[in-house]
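In the part that follows, the structures are each spelled out as structure tokens.
Two complexes follow with chain A in common, the first pairing it with chain B and the second with chain C.
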Partner chain A sequence: MLKILIPSMFMLLTTWTSPFKQLWSTILMYSFLVATLSLTWLAMPTDTGWFYINNYMAYDPLSSPLLVLTCWLLPLMIIASQNHLAVEPENRQRTYISLLISLQIFLILAFSATEMIMFYVMFEATLIPTLIIITRWGNQMERLNAGTYFLFYTLAGSLPLLVALLIYHSSMGSLSYLSLTSLPLTCSNLYANKLWWMACLLAFLVKMPLYGVHLWLPKAHVEAPIAGSMVLAAVLLKLGGYGMMRIMIILDPLTKELSYPFIILALWGVIMTGSICLRQTDLKSLIAYSSVSHMGLVAAGILIQTPWGFTGALILMIAHGLTSSALFCLANTNYERTHSRTIILARGLQMVLPLMATWWFLASLANLALPPLPNLMGEIMIITSLFNWSFYTLILTGLGTLITASYSLYMFLLTQRGPIPHHLILLEPSHTREHLLLALHLLPLLLLIAKPELVWGWTA
Partner chain B sequence: MADYREAPLATRPKTLDPNEYFNLSPEQRRAEESRAALRAGLKRQYQLQLNDPHRKELIEDPALTRWVYARANPYPLFRATKKTSLLGVMFGVVPLFALYYVFKTDRDNKEEKIKAGTLERSFSLAS
Partner chain C sequence: MNPYILTILLFAMGLGTTITFASSHWLLAWMGLEINTLAILPLMCQSHHPRAVEATIKYFLTQATAAAMLLFASITNAWITGQWNLEFMSYSLPTTLVTVALALKIGLAPLHAWMPEVLQGLDLTTGLILSTWQKLAPFCLLLQINPSNTSLLLILGLASTLVGGWGGLNQNQLRKILAYSSIAHLGWMILVLQFFPSLTLLTLLMYFVMTFSLFISFKVNNSTTINSLSMSWSKAPIISSMVPFILLSLGGLPPLSGFMPKWLILQELTKQSLAPLATLAALSALLSLYFYLRISYAMTLTMTPNILLNALPWRLPSNQHTLPLAITTSLTICLLPLTPAIITLLTL
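And now, the complex of A and B:
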């Protein structure tokens, strides 16, 4: 574990001391090396239990897929950012890479935290590099608004969490994960306990995001540069899901009664945000709302607290991370050519860039949860466990699946098929870098079909 | 550069149509001519950009920019009319309460059946 964390920390040093001509290749190779080493996290010789590195950091089958996803994403972000940063001066390029690396360090520390306070501190710490990336390197004026929404929604949700964790600590004495299972707070039906329950979950629900508090996400995703969008969609949303899974342990037995509104919001959000996707004119906004839709399913799966729900949620988180990041990279290839995110301005691309159409096809199929991809496996497990929870959820989840399929196909057909508009006079051919980027996104997704045991957590 | 001619099938505005020309006051004619001159200037700018051999990017259309901005920032443009309020309540408030009622009664029925021992588990679902 330290063989991944210490090199990541020293990557910061490498960023600032590499000769400028070799900066990107050095950082790319270094981060690929760290990513390859991180795959050792997936080798779990025993099926249960924690792997402790020291008193403060550990990983288990729940956190190891998310850790590997985090480490895998850094080289992909570097490849994706290389083009649009080429025009910036040297120090700014180094700063940008340092922000991405520090984000990875905080994320590794967050997912491997063994105590809730450390998780909380790292959860908040990831906000800062992301905020800097969105507000400094975004492309439109609205990035300031986006950064404000992002920061304040997440902070407003997570300050109650700090209070709740401190209350728990002062009454129970420890917030270590090992002791959480045996020290639930005696939750009677006092109003204060209900508020405490709410405070524990609110931060993660805002981060996921849940449908009612999702407003920050389309803004942040649309205004962020490509690396910011990738890391937001792929990993930062999953921080919310992971935190929810960890904190559910201490929230019994109130969850049985209090979770209804949130399950309903999540499921209704699947349908509502899916319908909004069908009416979007901005490509990145479409992908952002599709992220809200998938995360609504994940939230519902976690809130019903069944083994299959958790497993499905984890598989869907990993699969969605890869798929959503791939879709943002594809949207970025469009953006770098036309400097506009409007879908109708760049249509019929299959005639012009046929190889990129292949990647669009695969990513759209992954988004609509085609079997045998892990997206479907996660969704099926969540839908089945929701059906077991209550039969009537099938209406909502079935409708949601239908709408997901329709907007994914709509996005594919609108960008790839049809006549090419007359005003497009210069579209550069697809770079090898872009093909590499998408191949590296979709290859793990295809490989996970063969061995889903790696990502299905510790409950299945 | 492309030739600038009037579109052969387009109709002229009424004030510039020679059949109607003498029915109109000179002020109307002058106003219409100045508007036509403005339109021609805009069209010339567009054609200059369209046929520029060194152009690599899209021609910026301010109407499209405004439309995209309006689609992306709907909240300042929202007005609470009867129709929008009804839609908001129908899709944003009523389903939440209705679904709460449905799920709660279904789950409570199931809980009673479990406690009474009468629940039939006809599918062997892992949960």
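And now, the complex of A and C:
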């Protein structure tokens, strides 16, 4: 564990001491090295055990896919940011890279935390670099509002979580994951216990986001620069899912009654945000709302608390992380050429950029959960476990799948097919860097078809 | 100011606080507070500007009232119990009166109205002394008398955090923002006073470090409004890049050190079964965070358009001593992992 964490910390030093001409290549190589080393976390001899490195950091089949995703994403973010940062002065480029690296350090610490307060501190710590990336390097005036919404929605949810964790700590004595399974809070039917349950989950529901509290996400995703959008979509939303999975253990048996409205809200959110996607004119906003839609399904899968639900949620989180990040990279290729996020401004691109159309095709297919991609596996497992709980959820989830397919196809057809408008004939051709970026996103996704056991979580 | 006069005034200020620290007799404590107040008055109005003189007068009136109330309470205590010792105040009337008097002295809500106006009339250095040094003596007294009036302290504390948050939202003058931030932090300190007094001391010291960094950062930029901060990236780029961290630390965001007092206070409050109060206090910190965030937006996270037609400020070589700023900024950002050691130090 420390083999990955300490090199990541020293990457900060490398950022500031590299000669400027070799900065990006050095950091890219270094982060690829760390990412490759992190793949060793996926090899787990047992299915459910914890792998300790020290008292404070450990990983298990639930957190290792997310850790690998985090480490994998840093080189991808570096590749994606190279173009738009090239015009900036030297120190600002180094600062930007330092922010990305510090984000990775906090995320590694968050996913490998063995104690809930450590997880909480790192969960909150990821807000600061993200806030700075969004508000300092975003491109439009609305980014300040986006940063404020992002920070305050997350904090308003997580401060009650802190109080709830401290309450649990004062009555149970320990918040270590290793002992959580044997220390459920004894349930009495006091109203205060229900408030405590709510306080435990609210932070993660806001982060995921659940449909009613999702307002920060379209703003933050749209206004962030490409690396910010990538890390938000791919990993930061999964922090919410991961936290929810960890804390569900202590929330029994209240969850049996109390989760009802949230499952329904999550499923309704799948449909609502999917429908909003069909009416979007802004490409990044479409992808952001599609993120809300997929994460609504993840939230429902976690709240159901069955093995298939958890497995489906974890697979969908990993697959959605890669897919959504790939879609944001594709949207960024459009943005760098036309400096606009309007979909209809960059339509019919297959005529001009045919190879990029391949990536658009693959990413859209992944988004609409085509078999045999892991996206489908996750969705099918969640839908099945929901169906097992209640037949009527099939209406909502089936409709949600249909709408997801419609807007993914809509996005693909509108950006790629059709006649190319006259102002786009002289577009800059695709860079090899962009092809590399998308290949690195979609290749793991395709490889996961062969061995989904790597990201299955606890299910044997 | 004449350096001899300045020396005498600073010495007297230190003397006053030290007398209060060392006293166990109420009259001596009161005397220390009065010496302290009187010594800072010339410092406050040294610029002879009408606004500064107004601030001095307001400060004098409120502090004199508080000191008189303190004297009255100690005389009442002497009348009832027959002794003048600080620690043995067991009757509720003198204790409550002392608590209210000290609340007026440090500026807790609802006795906070003088604080923004007084701070606004002072320059940044004197404002710093007012926000930090002047709070030491009253806190020393508060920590010693063991106030047992639970609801009074909780009301003072919660009202202060809420007023500190809401009051600062509409301000664009930095000194008023710093005053409301001071009120909010004092509220947090009072909340935990009766449960775990060492945490009050910890919060006070952490607040000193954080607010020292902020005041000196503003002084380096020579700016007193949010608008004038926007050119600081060209005058002092590294300080500009550190100030958002100082501000977020004041707002109590992990992993910066400002999270430490809030975390420990919330832990103590939940242990005392005051969880709803803890939640309310934590959420009121979000109000203050909003205006801290606004300052950091203006200073670092946005770039003012470079209007070359206007006169830009001269970038003169500065011989300001920034070593204290460097030390306190480092402490403001990096102290959280040392929490266990600090707790052990304070509970020895």
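Throughout what follows, the second predicted complex is superposed on the first by the 457 of 460 C-alpha atoms of A that agree within 3 Å, B and C clash if a C-alpha of one lies under 4 Å from a C-alpha of the other, contacts with A are read in each partner's own complex, and residues count from 1 in each chain.
The rule is simple: a residue touches a chain if its C-beta (ideal position, glycine included) is under 8 Å from a C-beta of that chain, and two chains touch if they have at least 3 such contacts.
Every value quoted in this text rests on a predicted model; they were computed, and no experiment measured them.
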item: Clash-or-fit label for the pair chain B, chain C on chain A; value: fit
item: C-alpha centroid angle, chain C to chain B via chain A, nearest 10°; value: 90
item: Contacts of A:95 with chain B and chain C, given as first, second, both or neither; value: second
item: First, second, both or neither for A:160, with chain B first and chain C second; value: second
item: Contacts of A:282 with chain B and chain C, given as first, second, both or neither; value: first
item: Which superposed partner A:128 touches (first chain B, second chain C, both, neither); value: second
item: First (chain B), second (chain C), both or neither touched by A:387; value: first
item: Partner chain(s) touched by A:245 [first = chain B, second = chain C, both, neither]; value: neither
item: Which superposed partner A:423 touches (first chain B, second chain C, both, neither); value: first
item: After superposition on chain A, the shortest CA separation from chain B to chain C (Å); value: 21
item: Interface residues of chain A shared between complexes with chain B and chain C; value: none
item: Interfacial residue positions of chain A with respect to chain C in the complex; value: 91, 95, 106, 120-122, 124-125, 127-128, 132, 135-136, 144, 147-148, 151-152, 155-156, 159-160, 162-163, 166-167, 169-170, 192, 199
item: Parts of chain A lying in touch with chain B, wherever the complex brings them together; value: 142, 222, 260-261, 263-265, 267-268, 272, 280-282, 285, 306-309, 338-340, 342, 345, 384-385, 387-393, 396, 423-426
item: List of chain C residues in touch with chain A within their complex; value: 237, 241, 244-245, 248, 253-256, 259, 263, 266-267, 270-271, 275, 278-279, 282-283, 285-286, 289-290, 293, 297, 300-302, 336
item: Chain B to chain A touching residues, read off their complex; value: 55-59, 64, 67-68, 71-73, 91-92, 95-96, 99-100, 102-104, 106-107, 110, 125-127
